[in-house]
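My questions will all concern the structure given below.
Order as written gives the chain letters A, B, C and D; numbering starts at 1 within each chain.
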Amino acid sequence: MNIVYFLFAQTLLFAIPLMIVALGGMFSERSGVVNLALEGIMIIGGFSGIFYMNFMQTNDIMHGMPLLFTALLVSAAVGCLFSMLHAFAAVNLRADQTISGTALNMLGPALGIFIAKTLQDGQQNIGFTNEFRISSVPVLSDIPVLGDLFFKNFYITTFIAIAILIISYFFLMKTKTGLRIRSCGENPQAADAAGISVYKIRYLGVGLSGILGGMGGLIYILPISTEFTCSVDGYGFLALAVLIFGNWAPLRIAGAAFFFGITKTLAYAYGSVPFLAHLALPDTVYKLIPYVATLILLAFTSKNSAAPRADGVPYDKSKR
Amino acid sequence: MKNKSAGFFEKDSTKSVISSLIAILIGLLVGLVIILIANPADALEGFLIMLTGGFQEGMLSLGDVLAYSVPVMMTGLSIAFAYKTGEFNIGVPGQYYVGAFVALLIGVKATFLPDAIAWLIAIICGGLAGALWAFVPGILKAKRNVNVVISGIMMNYVGLLLVIRGVKTFIYESTGAQSLTVSTERAIPKFGLDVIFEGSSINFGFVIAVALCIVAWIIMNKTTFGYELKATGFNKDAAKYAGMNETKAVIMSLVIAGLFAGVGGAIAYLGGTGKAIQISEVLPPEGFNGIPVALLGFSNPIGCIFASLFIAYINVGGNYMQSLNIAIEVIDIIVAVIVYFASFTLFIKLMLDKFRNSKKHKTLAAKEGGNK
Amino acid sequence: MDYAIEMLNITKEFPGIKANDNITLQVKEGEIHALLGENGAGKSTLMSILFGLYQPDEGKIKIHGKEVLINDPNDANKYKIGMVHQHFKLVHNFTVLENIILGIEETGLFGKLKNSEARKKVMDLSQRYHLNVDPDAKIEDITVGMQQRVEILKMLFRDNEILIFDEPTAVLTPQEIDELMHIMKELISEGKSIIFITHKLNEIKAVADRCTIIRKGRYVDTVNVADVSKDVLSEKMVGHKVNFIVDKDEAKPTDTVLKVDGLTYQPKGANKPLLNNVSFEVKKGEIVCIAGIDGNGQSELVYNISGIEKPTAGHVYLNGQDITTTSIRERNDSGMAVIPEDRHKHGLVLDYSVAENMILKSYYKPEFEKHGFIDFDAMNAYSDKLIEQYDVRSGEGSKSIARGMSGGNQQKAIVAREIESDSDLLIAVQPTRGLDVGAIEFIHKQIVKHRDSEHAVLLVSLELDEVITVSDRILVMYEGEIVADVNPKDIDVKELGLYMAGSKRGIGYEK
Amino acid sequence: SGSNKKTEIALITDSGGINDKSFNQSAWEAVKEYGEKNDKGYKYYKPASFDDEGYKKQIKSAVKNGAKIVVLPGFKFANAMGDIQEDKTYKDVKFVCIDFTPTKKDAAVDPAENVYCASYKEQQPGYLAGYAAVKDGYTKLGFMGGISLPAVINYGYGYLQGANDAAKELNKKITVNYTYTGTFNESPSIKTQATAWYNGGTEIIFSCGGQICNSVFAAAEDTKKFSIGVDSDQKDDSKTVVTSALKNVKQTVADQITAVYDNKFKGGAYVLDASGSYIGLSSDFSRFKTFKKADYEAEYAKIKDGTTKILTHSDDESAKGNPNKTVKLKAALTNVTVKFEG
């Protein structure tokens, strides 16, 4: 049983940031703006959150949960601000969204490293102390099975992410604003004729991707390191893949993120799964599993992909 | 009203170039402002070094600019080529890397090949390896409708892991945990370029890269094959309806794009500069750096030549800027800003039109006023 | 006089064109006011201004005598103006109900949609006007006629008093048109006012009280419909007399060119065949028309003949050769030309120039290809010739990008390309859809000319007038089957409608 | 970065950068400390391309900018140094090479007199770490190397032999999980692998590869297990760090810079080991349960006088770092079972 808990916890490690960031991308793309910039947004979000954390910790101003929550807010705010660059280009100037997304992907790390180096005398890494892991919740952790799965040795960010998933689903599929976001991604002319401001909705969509992408950057780095090097190791692009894999729908995105998380976990923890360890294959084979499995799965599931119809198409009021 | 200069300024390509220049100008300005904020004392000197760095040491620096432009010229060309047919070839890093690996394998191990042609065969095989790598997303797209972005990302990691495995198995240099490197005898020859650009790392690969860009341009714009590819890129359904084989076009455009990326990898590692494939699980940055090149070059193969030269130029300049206290990441910021403003092309063109029209109106009004 | 709407001296300029030039439109309360004009005359533009989608450069709008500013559709809604757009404004993967409430949603806790009241209102309205819509059906699953009813419901749901119908009948069957007219009259009787745009003069005669005619963006006249004849209307519209009758001689069919034998087509996942054992022939020198209500298998029939889809059973022969499994390219090469139904999707590469589009199906032939390279001089010369011959109008001739041309001219370019390929068989699918009378006349002439020069023509059309005037033989399709083979001379529109609706089958086609 | 004075002390990084938690970082700390204390201009440079040509150009341009001392941390510079030292233009510049001696076309050559080359016997601190861990009661060990470089392999082999010798003394059987992560950067994957080990019973992991320690330490903290640091004393990076296997690059660089300014610099190839103060374990023994400083010193002495012999990478290069395929080593490990993942 222990191994199950362990694999579950590790799966979360990969799946949670991927899911949050992909959900962010979902809002942007469902509103009609392709967001290639997730990697850049994650980096700038992670950077600002860790930078803030570093400041608070080294100056002994704030610690623990309050620090974590405020840091998440900082990441979200900066991610949102950063994504506005993309929104402005994509919405107001009807720019090629691939280009402005790429620009942001370059700008994120460059800006982060530049600021870090300038302020820290050539040092680009920003350290932080991980004081956020909760080893067990009284009462709750005693619940059989669930207690071990969820309430021991976990990060509160896992629950935040699950809450975000539920809220995202509810927001996109059940609320008025969600309906409007979806209409702008499918048929902005129809939305416009219904009296909806396509521009505002798209700003909202991109802004949400900035908020979730920024938070995702921080959530990514917290459990796996003790410093931030202005890199998220391609997870922004993987999140993009998860978004496509998840067919732009919240629950399927969660499924895709978990699929990827599980295969990634098995690729690195095969040693503790007796069946896999027994195969005694070269580690490259295990490491290939997530990517090859995804490719194979995609080959069988892509026939009816549900990309939003107006995804990536600049909205021009005067175009019919 | 229709004089010659007006015609020139109305041409779409002219407007594109003007809007690119505006983007570059804005990028440089932003860069200057950032340096001024970060280090006012060194700012102007640093900025000047960056702008003139490509000539800092004369022909040597210039030769380096040309040499450094090659990998990104090829990865940029790869992205541009696929982009013209409607696909975003994000799988370039993987294609570049397998190309590099196969080329090195041949350069180092295929000793039965005479030195004089080993490099050429290695480049060709590197290109084919890249093509093979792009074939997978191509066929998955054509036959199973798999989004090229996601399959490209997956193939990048598959390529990376396999290349590392391959290096460890076949061409391992254990004291450095990297691949063996190609000896100078078997490296791409310089054919006198080292005399012109003394001391620089340039070799004949630069000529090959430029030639490939030109060939790509000709294929795109002059041949029936290019006509098919572009038609498919613009409108798959119409291409199919007109009897074109749109599946083949998608696969071919990606395969050719992969070939360019593979050749890029091959040239980069066959230069005899001691460049080796590292055993670290990080995708080669040249792959992603091709994206801005393609975008700055308007996905035009000839545009890629200039865009890659520009980026190489300010990177060389940026490297010299290290003598001052300015973090060289400012170069990346500048390039990012330029790419960002390059996305405004449409807007800048509209502005250009407006500006011209209002000038027209003004001159007209002035004339009428004069007549009264 | 009490006007519901007054649009006074409206001017609106688009880059390169004055779409509206000092147009005035006055609509009385409780009337159906027709708006007539050629393609591109500026009707849709004028209405979009009224609906708040565009802002006029000059002019003002009064509602019930009070001047108003309409900045966006929300304002229009405030003044109770509703619009059924020429190109429907529906979200394809939303339900009917979601489309109707979009923009004026009721919400409960946390912004959650509250649809129960809306659903009730929709059901009530649907019943009252006999619209028969299912609020939970997805738009992509319902017919075009049904989609239009959703658009009408959208207006009714918003309690609009001023209703704009922009070419609502272009996509409807005769029966559906009748129903629509009925609904419109009912709405008027409740005191609503309607602006009705159509190219079809008999529809105007049938329902409209008054009619405003515009031409090339300018106001021409407003008339009482009862006082003028169709001829006068059309003359005012195009500026000269129009000939509605297609001049053509008796057909003299000779050899069989196309033979369709037992064609059956059932795509994966469909629970019944979309084409069921279809057999017919088309001979040299005749125009055979496939008539039918939209969605009865006409598109699928063309896809199967032209090679886009592969049939489940049956055969297609061209000049006696079995081409059932050959590629599209081979079919073209062995003598098939197609004017596709959707000109933007299948007919043109909109980002190519006119010249490049002209060789879309022949670029690889020796005339245009030299050692793998395109002979641009030959291409341009050929294109210039066709442009001249078919009067394709565009800014820069062969060099113009197709996207920038008007629909009618895009269509002419396709017609030119396909007819000039000099293929034995020409398949023309709705070749005049949405075009004005002038353009229609021209295209019809070309098709007849093509027939007369020893070619076979298969025409697929939803327009009954076209079906009857152009064809030599009519095959009616209903639910994937041919249900009648009739001579246009022996039949009138009413009867054709019965075949099309499936309530009658022709001789030799009994069940 | 650095000061505004004329740059006399230059450091050139390889692709790792000055935050690599390894030789670049240690060397840079030495440069920086010296520069600040003695008011000398100092700076680090990042080459435009990471190949022999790129390194050479960067060395030249550093000298052009005024460098009198050039610090080159890492074996990547070997070929570049081989060419540079032949160039008489640079005969007045002093070079401090860490972890390598110059080569010409991959064949070793003697360093010139203006070139100081330090290499370390990493197997010795590795040995001490393994010995200490087992002596302290740990029976399930782990070794995570970054990339299978000779230096990393030597740490690992030493670690295994130290563990083995201690196990023999205690008459115990020990298991060691052993892998190279393939990168020097932190990542979720490494954390997962480390956590998997800890979960499978591993009690202590020797993290031997730059920034991968970020992930290994995070895993140790999560599972409340222990770790061993590398190169510099990492006890402040995580409470789980019991000790660190040291290779005092910082000290080396600092000594050589001082030597230059004191005119005592002397080129040549130097192998630094237990006989100097350049290798060992960290001086703080408080995180051990039972292992005492005295035990350590006894073991250290045995290494120093050569009683303890340690096999290294160069005893069987073809194994590419797989201890199970290294015949001699395999035979020597009587009390240790190595579970190799790779």
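Keep in mind that, in the parts below, a contact is a pair of C-beta atoms (placed from the backbone, for glycine too) under 8 Å apart; a residue touches a chain by one contact, two chains touch by 3 or more.
These numbers come from a predicted model, not from an experiment.
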Touching both subunit B and subunit D (chains): A
A-D against B-C, pair bridged by the larger set of C-beta contacts: A-D
Centroid comparison with subunit C (C-alpha atoms), farthest chain: D
Mean-CA-position distance for subunit D and subunit C (Å): 76
Cα-centroid distance, subunit A relative to subunit D, in whole angstrom: 36
Rounded Å distance, subunit A centre to subunit C centre (Cα mean): 45
Where subunit D touches two or more other chains, by residue: 1-2, 185
Shared interface positions of subunit B, touching two or more other chains: 164, 327
Multi-chain contact sites of subunit A, meaning residues that touch two or more partners: 117, 122, 282
All chain pairs that touch each other: A-B, A-C, A-D, B-C, B-D
Parts of subunit C lying in touch with subunit A, wherever the complex brings them together: 14, 44, 51, 53-54, 72-74, 76-77, 83, 85, 87-94, 98-99, 101-105, 107, 110-113
Complex contact set, residues of subunit B against subunit D: 41, 64, 68, 164, 168, 172-177, 181, 183, 201, 271, 273-276, 278-282, 315-316, 319-320, 322-323, 325, 327-328
Contact footprint of subunit C on subunit B as seen in their complex: 222-225, 227-228, 230-231, 234-235, 237-245
For the subunit D and subunit A complex, residues of the former touching the latter: 1-2, 17-19, 44, 177, 179, 185-193, 195-197, 199-200, 211, 214-215, 217-218, 221-223, 237-238, 339, 341-342
Subunit D-facing residues of subunit A, complex: 2-3, 6, 9-10, 13-14, 117, 121-125, 130, 133, 153, 220, 223-227, 229, 231, 233, 264-265, 267-272, 282-283
